[in-house]
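The letters A, B, C, D and E name the chains in turn, as written, and every chain counts its residues from 1.
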Amino acid sequence: MDRRNFLKILGITSSTAMLSSCGVDKANEKIIPYVIPPDEEVYPGKPLYVSTTCTECPANCGLQVKVNEKLYHEQRSLYPTKLEGIPNHPINRGGLCARGQAGLFRLYHPERIKRPMVRDEQGNWLIITWSEVVTRIQDELQKTRRLGKINTYLSNHTNGTISQLKNQFCQEYGFERLPDFELFSHANIKKANQLVFNKQVIPQYRIAKTDFLLSLGADILETFVSPVEHTYHFSIAKKNQHFRWYHLEPHVSLTGVQADHRIVIYPESEIIFLSYLIQTLFRESHQKRNLPFKLLRSIPTYSLEETAQQTGIYQQDLQKLVGELSKAENPLIISGGISTAHAYGLEVAVLTALLQWILGITSEVVNFINARNYENIGTFLDINNLLHRLDQNEIGVFFLSKCDPAGQLPVDWQFLEKLKKASFSIGLADCLNATVRACNMILPLSHTLESWGDAQPFDGLHSIFQPAIEPQYDSKTEGDILLSLLNNNSEFSLYYKDYLFNNLKSRFGETNTSKLLQNGFIRTAVPESELSINLNQVYQFLKNFRIPQVKRTELLVFAPSIRGYDGRSTDLVLLNEIPDPLTTISYGAWLSVSEETATRMSLKDGDEVEVRIADERTKLPVKKQKLLPENVNLVQYGVVRLLSGSYDKRSGELFWFIKDIILSKTGNHVKLPVLSGSMDENGRGILPHVNEHAHEKEGKPWYPEHEHENYRWGMAIDLESCIGCNACSAACYVENNIPIVGRKEHLLGREMSWIRIQPYVQDNESIEFVPMMCQHCDNAPCEPVCPVYAAYHNPEGLNVQVYNRCVGTRYCANNCPYKARRFNWFDHRLPEPLDKMYNPDISIRDRGIMEKCTFCIQRIRAAKDKAKDDNRLVQEGEVIPACAQTCPTKAITFGNLEDKNSKAYKLAHSEQAYRALEELGTKPAVNYLGKKREHYEA
Amino acid sequence: MKNQYRFDEKHQFLEKLENLIKDGVSSKKIITYTPYPVHEVEHILKVKASPLRFFTLIGALAGLLFGFLFTIWASLDWPIIRGGKPIVALPAFIIIAFELTVLFGGVISFIGYLLLSRLPDFSKIQNPEEYGNQFVIQIQDGETR
Amino acid sequence: MKPENMKELEYNSILEQDILDAMRKPHPIYWLALFICASFFVLGMITWVIQMLKGMGIAGINNPVGWGVYITDFVFWVGIAHSGTLISAVLFLFRAKFRNVFNRSAEAMTVFAVMTAGLFPLIHLGRSWLFYWLFPYPNQRQLWVNFQSPLVWDVFAVSTYFTISAIFWYVGMVPDLAIIRRFTSGIRKKIYSFFSLGWTGSLKQWRHYTRLYMFLAAFATPLVISVHSVVSWDFAMSIIPGWHTTIFAPYFVAGAIFSGTAMVLTLIIPMRKIFRMEKYITVDHFDKISKILLFTSLIVAYSYVVEFALAFYGGHKFEESHFLYRLLGDYRYLYWLMVLCNVILPFTLFVGKLRRNIPYLFVLSLFVNVGMWLERFVIIVSSLAKDFDPYNWGIYIPRWPEVFITLGSFGMFFTFFLIFTKVLPILSLTEIKEEAAE
Amino acid sequence: MNLSYRNLAIVSIVVIVIIGLIETVVKIGGDGNLLLLLSFWSALIQGPVAVAAAAEVSRGKWAQPMKRELLAFYPLILFVALLFLFISFQMDIYKWTEIQHRWLNKSFFISRNFVLLLLSFFVAHLFARASLQQKKSSQLVAVLYLFVFVISQSLIAVDWIMSLEYPWMSTMFPAIYFMESFYVGLAILALMAVVTLRQKLGNKVEVKKVMRDAALFMFGFALAWAGLYYGQFLVIWYGNIPWETSFFGIRMEYSPFKEMMTLIIVILFIVPFVGLISRKAKESIAVVSFVSILVLIGLLIERLFYILPVLPLNAFWLVIEFILMSAIFWLFFKNREQVLRIDK
Amino acid sequence: MKIRIAPYFIIIYVLAFIIFVILISYFWQKNRKTPEQPINFSHQIHVSKVGLPCTHCHTTVEKSTAAGIPSVETCMTCHKAVKKESPEIQKLTKYWENKQPVPWQRVYRLPARKYVYFSHKRHIKANLECVNCHGNVEIMSIIKRVPKLEMGWCMSCHKAKNVSIDCATCHK
């Protein structure tokens, strides 16, 4: 029995254990110096910041990696411990989404591929060296030449230098470089823009600049093209009093509930709606640009009633919409996502483009010049083509780099089987996935945080990848692999760095390159070009215009989720720990059904149903979801794989919903980890407008105000701009070493998140999100009940929890009206090597200890330390908690409430500020800014 | 040499006792042994009320005082704000003070009792005196008590 | 009781004989019972150790329900303890003679129950091995405990309660030990004579003794009230609807005495049968004690009513919704069962016949024990399960550790009690003699 | 002066009418007068009967000799009931009358209280008869009366007093309230014992014993009262929820209320506690009568303490009303034989 | 027979108690004794004889929370030349050759230090001498832990110097 346990038993058997106060650490430990200290000035208390680029989705946000020096397994070394957005980055402006925050979980993923492997005849994996890799590939290539097969190279969205290198490589070895593989290729939008404007690109949507946003299906705040950017823009747009946002969708999405007017439209009927809009605008001559008569005539005309009847939109809504649209200065219409991912998606996209055109398109709102970098992303036409060729045994050596078609393509496309037909498939990936598992050879790629590289998120913006940590395994970057193949030599690595630098220097010159390395990005000028419409093409397209037969059937919708994206992020445990904002389900797959369906089939949450589609079938537990229209059943990409996929033969857009599905109860019941106890706020005084009559309860608390010296830390959270994206929660997890507890604990209701997003459904039409964390009350109910002073109030207005003083009575948690306190039921530890990401500035709590939000006290401490060095007080903006830092909409403002000029103070004393559960007299330091009235009149 | 009277019945015993007092035997010389407390004896022998109450009183007061002083001092020794309540929160300390009053009062009166009645008496532990259920009167030659 | 014609001396000696018979060599069944109880005790202890090594999580407690069965048990056992003091001290002050046959075992019960109860606050600690941080002892940290915390009040209240009731119990026993001493020999005699402190029964001893007993009784009476008030304030000091209510102190005190009295019946009725004490513990005694049961049950009922009435009187949203939840929510069955056990069944005691029907009283007492346990459970759990913020509403279901440890607590209690019945006089001899003499 | 049963009735009717007129016709400043009157005297009247009932139930010898004196006041319950009806003319003293609530609404308020008072009168009547005639059922009726007493006093507490402070509420409040009424009941018992001793009536030893027991119980009740009051205060102080603290907020900040508070504690707790702690004190007529009178005054102050912060009082008329009431009270005591003819 | 029981009871209990205490203090000592160092490095020589200032090796003491342990490289700057022959230095050079860090045993360990934030920098900036806490290192041939580094020890100084006694200053 080791000393610790000994004392533990002792503690209960005899009071003499009082002799010992510390029984918790290992008996004796080592301190390991460096052999050679690192060149960077980095030591405990001074982390290093490396600017690089996020690769969790094609948006490529700017990243700032916090690197700490710490001792890990008796190795003193540098480890990335936190990801943050680059403050002034043109895409994410310092913000970062939950997926971005979870990037570290990929870097330290237990399933990282550690060394190159190849299959032998029996199909067992053999570990080989890189030189063997090179030779092996070489002679595979020999073979295929003899066989006369074509070698192909498939990779995910790539651009920048590496793209050039690939092309070079493909030329040298006679590879055919296939268009990049992205599940969400937005093919219809590209196609439509090509039809209408001769530009096969996805433009930048400048939401900030518009005063009227009409979005059809595009989940702009979640996954659509560049969510974080859109979210930021959205928060700016909100500041404009006249900004209006109509969102039309056949299902319910996080984006939808943010719109001022969320309008449910029958699937596939957007086209009717759009034609109605165009025609009406012309009839009422609100158009800014004219169209030739014959073209106009080729667009079908619908009466108000018809439209309403066909689309399921209320007439008054339509009229209101038209009214506001025609009044708008420079409106912006975005159709995408689910509205373009169906049989009439292309028409929708084209009409959208047309509508945008006649409403006067400007590069202010729709920017084709700095177009998104989607040109070499392929469509499902290409995929289908590839599959076909695989079937024909035409493919020889097959490189699959950083992409997981096997995991993402519809089940009934049998990619795996077909992949086997390639004579030699080589998977390049950082983590194991379905595809690489099926390959003949696996080459471990270094994670982007371990490697050099560059990217081009959109035309005119270049950002860099810099290594923030030595490669942890025997892995290489794609560039290095290609180069070593080119030079037929694997010995010396970091070829690619030089290659990259030459390339960058040649492209941008010395100074810009160094700027690029310093800031993480640079902007370059892009030639302006006048946007012109190709009337004839449009006419040709519209001539044989197909009017959809909208018939309502039981529908299965596959929507991408803010947590899973196209499924690539679902194996990051953090993103499973954090609940889905709308249903608050954390782990596992589920099928969201409408209230109507639930009552019709008498389903309770967790009842299992069988979903039958032609011959494909799967079983899923259901969750009743408010606001979900009848007949629409929702599942998320990633958590559930697309069962049967059909696509648009013209554009190659994948269809997101499957018609005529059959649901049948299996009778089984699956416990769903639903974290929310109730979606109904019950007038508890947590939401703003409910709160107003809370003030009636007069009478004042007894105790005198306690004075604060210099600081009183406080927060203002703008519910106006909070979109419930959970980025704050993710950031908090990583920053504060919050334990990840898993499904079993969640089922018991033991989640550990310090900040959580509470969704509340308002009279069945809107959902409002309230980020809830420790409110750091002045009269905190949790403090006086603690017998050992573990919870107390410090002079700076923080409600402090002294972890190693806590004996775990849990009274504080019971007595906290916000239930913001979390108890460590077990010793939860991240498994190796994930534990490399622990933040050394804050403790890892043992079992039996209560923990909670500390306003990131470690950051406050650091700032005060710094301030003290040049003896002054901490200034505004010096301390930014992780949540506030990462919030894409900057909804959270942190500051010193003692300082009258601080932003936080001003907001806290603005007329729309209120405190949650104010009537309990707890005097929270967190102030919520209520939504403005007119949003409720709508 | 002390002489002893044993009785089986209480009333006989009491009569004898009264007679003895009448006969002018100093009550100081008399020791009685009874199977259970007999209050009449005290009246007959005119014994003063037991001084035990002073122990009790002192104990209780000490407890009360200590209770308040200790809590107040300890809170002021390291003043820590909790829930905005005043550092010296008397309404809360009353409870501690009360409990300590009872504790001290009780314990000290017990100790007082042991002192007053000279217990534990080790010699008697060795070889106990037994009188069964009888009522016994002993008359000492010398003065005891 | 003593027949008129009987001589005092012989009555006393018969009495002594009867008591000694009760302390004779135990029957095998006794050993069996002892073994079973002891093994439950051990089981509970083992569970506790496992819980400490693995973590609180193995129990069913969660967020929001941070307190569950453990605290319920704590309150339950403290409650059990109370009637002991009530019967021996309060009734002593009221000069209610019928207490004399109950008080010894009642006090024993008190002491053991407090010991059992005292464990639970430690068991429910997340870091039990640091329990001593709850005591205000001078330490190198130069930091004291938070005297504002109800839990610290608990520490004081419970430890005081234990000390005083232990002293009270012992003091009352000294003369009786002296009697036992007389009939034993060998090492047992040594032990008894040691603990009877060389008692002779001289006037000097008696006169202080009576005073002391009186004072201790006078102390114990307010103490018993304060202790359970403090226990109730563990909850009332919070702001949780269902916990934060002013009536809790008297409500819990009454409840405690209620459950305690029931436990006295549960223990004494079989004891009386086994040790053939019918002669001394008569039906009248039971009639009287069941009146106490009835009375306290009335107070408890009153509190139930007032709680609900005022929750709805005020029209305050939190209170209202909470009490609706209690009536109709997840724990409604427990709640109604509790009402049955604590109010409806005890009210049958208005019928005089039932008060004197001992088997009925026994069954009833069992129901009351269950009911009072449920009452604490319902109050503690249902209040936490649905408090202010709807997002973190949840429910709590106990898991095996709670079950085992609860069993263990019963095991501990009964182990001690069984031992008590064999090594100590189960009736207070001197007091019965005194009573008989009048 | 000796009056027949009928005359007594007439006198009391007259008094009711007078007070009624004062309260309704003679428009005066003091909204609180009637409420204060009722809340104080209802306690004084129901208390002694409850004490008698308790004595009956516990078969205690302690109050039996004074039973007749205690029961003398039970008819006044009816008196209170009738007087209460005048409240309906001044319902506007209650804030909640603006919002009609399912529990707090005028008509229901009046009716339930009136009915309950009538009921308690009726049961008291039954009890008085049964116990004076030494019926077997007397115990049962006594229990019944105690029930009604507790309920009606609690209801009075909640409805008349607590709802003045709506939405303030405290579950302890009704308990304290009826407990106080029993407390004064004991005080009156003691006083009567004193009086009878003075008048050399009854068996001296017994009566003295009664007085001592009454004193003893008062001592106990002083402790219990303090406990309950502290219990209520502590919970509210600790919880610190604004709509709860408001009650004590006013009463502990401003004069004269905070002085009143200390006065109450001194009178209802400290004085009886210190005064009656020793056995000798419990036996001295002077001490006991002093303490019991003080307790009565204490109760009055306590009721003032509840009402004054909310409602204005008119001292002059108040005095008059009180004199009238005490006159009636005295009359009933004096003519108890008339009142208790029922047992003949 | 004349045997006194009471004393025996007491004696037995006391004995048991003593044994118990001894047992604990044993377990206690186990982690209080100064550990064996891989190379017996003498501060006395380096400080008193050679006269190196503390900051020469503990470089980050003025700017970081940790004082910093000199890298093997730092040692080698001198010991490439100095005292090459001595066996201890041999050890050092061995570490250097096969590029291994020296596994020094930690002497100054805060109890439960994973919960404690301590910054050398702050204390140096407050003009505390190393000696104040680390004792006269210059005369220690084998480094020993002078204070217990318990909370009370910190507190007494913090109170005396009248600097922050807010728990959050040190507890993390």
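Methods note: a residue touches a chain if its C-beta (ideal position, glycine included) is under 8 Å from a C-beta of that chain, and two chains touch if they have at least 3 such contacts.
These numbers were taken from a predicted model, which means no experiment stands behind them.
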| item | value |
| --- | --- |
| Least step count from chain A to chain D, where 1 means the two chains touch | 1 |
| Chain whose Cα centroid lies at the greatest distance from that of chain E | D |
| Chain pair showing more contacts of the two, A-B and C-E | A-B |
| Relative to chain C, chain with the most remote C-alpha centre | A |
| Centre distance in Å when chain A and chain E are each reduced to the mean of their C-alpha atoms | 47 |
| Centroid distance [mean C-alpha coordinates] between chain C and chain B, Å | 27 |
| CA centroid of chain C to CA centroid of chain D, Å | 36 |
| Intercentroid distance (Cα basis), chain E paired with chain D, Å | 74 |
| Chain A residues counted as touching two or more neighbouring chains | 7, 10, 17, 21, 701, 703, 779, 781, 784, 786, 789, 792, 794-795, 805, 920 |
| Junction residues of chain D, two or more chains touched | 167, 234, 237-238, 240-241, 243 |
| Two or more partner chains touched - positions in chain E | 5-6, 150-151, 167 |
| Touch list for chain B against partner chain A, complex | 80-86 |
| Chain E residues within the chain A interface of the complex | 17, 20-21, 24-25, 27-28, 30-31, 35, 60, 63-66, 68-73, 95-96, 99-106, 109, 111-117, 119, 121-122, 125, 150-151, 166-168, 171-172 |
| Complex interface listing, chain A residues touching chain B | 701, 703-706, 777-784, 786, 789, 791-795, 923 |
| Interfacial residue positions of chain B with respect to chain C in the complex | 8-10, 31-39, 41-42, 45, 47, 49-50, 52-53, 56, 70-71, 74-75, 77-78, 80, 82-83, 85, 89, 92-93, 95-96, 98-100, 102-103, 105-107, 109-110, 112-114, 116-126, 128-134, 145 |
| For the chain A and chain C complex, residues of the former touching the latter | 5, 7-12, 15, 17-18, 21, 23, 675-684, 686, 745, 748-751, 756, 758, 760, 772, 781, 784-789, 805-811, 813-815, 817-819, 822-827, 846-850, 917, 920 |
